[in-house]
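Have a look at this one.
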Amino acid sequence: MELFFYWFDHLGVAVFAISGTLLAFRKNMDGFGVIVLASVTAIGGGTLRDLILDLPVFWAYDPTYLYTIIVAALGTIVWLRFRDYIHQKTLLTADAFGLAFFTVMGAQKAHMAEFPAIICVVMGTMTACFGGMLRDVLARDIPMVLKGELYATTCLVGASVYVLIADFSPLLALLVGGVVTLLMRLGAIRWQWHLPVFQEHGESR
Amino acid sequence: MELFFYWFDHLGVAVFAISGTLLAFRKNMDGFGVIVLASVTAIGGGTLRDLILDLPVFWAYDPTYLYTIIVAALGTIVWLRFRDYIHQKTLLTADAFGLAFFTVMGAQKAHMAEFPAIICVVMGTMTACFGGMLRDVLARDIPMVLKGELYATTCLVGASVYVLIADFSPLLALLVGGVVTLLMRLGAIRWQWHLPVFQEHGESR
Amino acid sequence: MELFFYWFDHLGVAVFAISGTLLAFRKNMDGFGVIVLASVTAIGGGTLRDLILDLPVFWAYDPTYLYTIIVAALGTIVWLRFRDYIHQKTLLTADAFGLAFFTVMGAQKAHMAEFPAIICVVMGTMTACFGGMLRDVLARDIPMVLKGELYATTCLVGASVYVLIADFSPLLALLVGGVVTLLMRLGAIRWQWHLPVFQEHGESR
């Protein structure tokens, strides 16, 4: 069970490392810039979560996470050698999987440390969104989280589902919460669901 | 007394949440992007302060701060429904009030934990400026703190006033320091006070 | 010995404070914006390192670092009064020295706290690169670390050299690691060495 969570966590790290590598590729970065962007995306959210919850930062005490990032980034680079370009959709899909993994793992870590429910929901959302936000700020893209595409909202819903089920079965909560997040986000990408956007009707600045 | 400080702190959080919401509105963000920007602005500075001083992060152990943010952001959204546009000045004024509250609360938290005077001044300035800096970076504005408008300087002065008075009366220090910060900043906005700006005279890069 | 490390650390802080001041000058910031940018550059990386390793944040308990920043920034400002413009190369060179100091000091701090070798390498790289990354994000430049110029790669090599030698002699490791980092980076600037850059061959987004 513990082991299952552990591998689930590594899977999330790998997927976000891939998403960082894909964006670095689009931005024509060099080999090491790729590793930096992959790492920031993969461990940025979890690092902030652990700092705020005053837990040991997960990767500082278990370097295998860093090896996961390196393997995922190098694998992606090799795979990209055989492609002329990458679809924006590939990047969005990798990001959606990372989002689903990290939302439930973030909520779970707070839940296991016995924080109140709302903090678990916030931590799930933050773990999932912060790494990608750093990735976009560094690569000078508009952060996905701030665009009107049900991004952070899916994390909020997925983490809430996790919290509701977690007292009965953490494993079931992980699966249901993760699947809900993933489907909502993929649906938002596919059918361009979005929340109402605020708009100024009058003069612009 | 303790309770007074507690409410003062919530007031600062609410005001900065409003300022984040107003900027999100200007940038046409969706409903949840607004909450994210409001939260980052409201708790970014205090989070960094608590991490650096190795204190428990204030909102992780007292979720009422999160409810304050949600209420302030939703209230602002409702209010904005009846407005065609917002003046840049409204945003600047909300920001100035947040700045005043957070400068003295940040200095006070470091002072109560018995850090040296210069650290209290730095923490006041950082608590006040960091959230707004994150807000501007995320929304891709030039951070106010880096523009030549007596921004961080007012925090520095306000926090210094707090530190000078705090040994006699924390409450008086809070009021005087806060009022000094607020008036200096409002004056800087109104009459465009600014520090000398460095300028290159020769070739530009 | 301890004292030697201590001064070495201050030297790194001073050099990065100078590099932050130079960039602020290029960007026409005001007097306090300069201090903010100098501070962020000088202590950003070390702050993140200490937070992640769960060590006391170095400058919060020893304010002399802040005085070092102020003196370095003011000294640079005075020096700039007598110059019409600054060469981009001056900025790059100051940055290279800061990079060399911080790489070995970051690796050393992790090594002394007995973290595994890969974490020491990561911490060296992070200490050196993070402050400059924040500087560039705030000043809205493309972060040097993400451009194809052997930036983070030199830190990785320098920190690895440190770790390989540190078990025999921390002092020797500091000197050799620092010199290797400095020479690699200066060479990269002078002869424009770079790693292969990834490029999309087909359509752009």
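Per-chain residue numbering starts at 1, and chain names A, B and C are given in the order in which the chains are listed.
One rule holds in what follows: a residue touches a chain if its C-beta (ideal position, glycine included) is under 8 Å from a C-beta of that chain, and two chains touch if they have at least 3 such contacts.
Predicted model only: the values in this text are computed from it and were never measured.
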item: Copies chain A and chain C touch via same or different residues, half shared test; value: different
item: Superposition rotation for chain A onto chain B, Cα-based, multiple of 5°; value: 120
item: Rounded Å distance between chain A and chain C, as computed from the means of their C-alpha atoms; value: 28
item: In chain C, residues with contacts to at least two other chains; value: 51, 137
item: Interfacial residue positions of chain B with respect to chain C in the complex; value: 51-54, 115-116, 118-119, 122, 129, 133, 137, 142-143, 145-153, 156, 194-205
item: Chain C - residues contacting chain B, complex; value: 24-37, 47, 51, 56-57, 60, 63, 66, 77, 80, 84-86, 88, 137-140
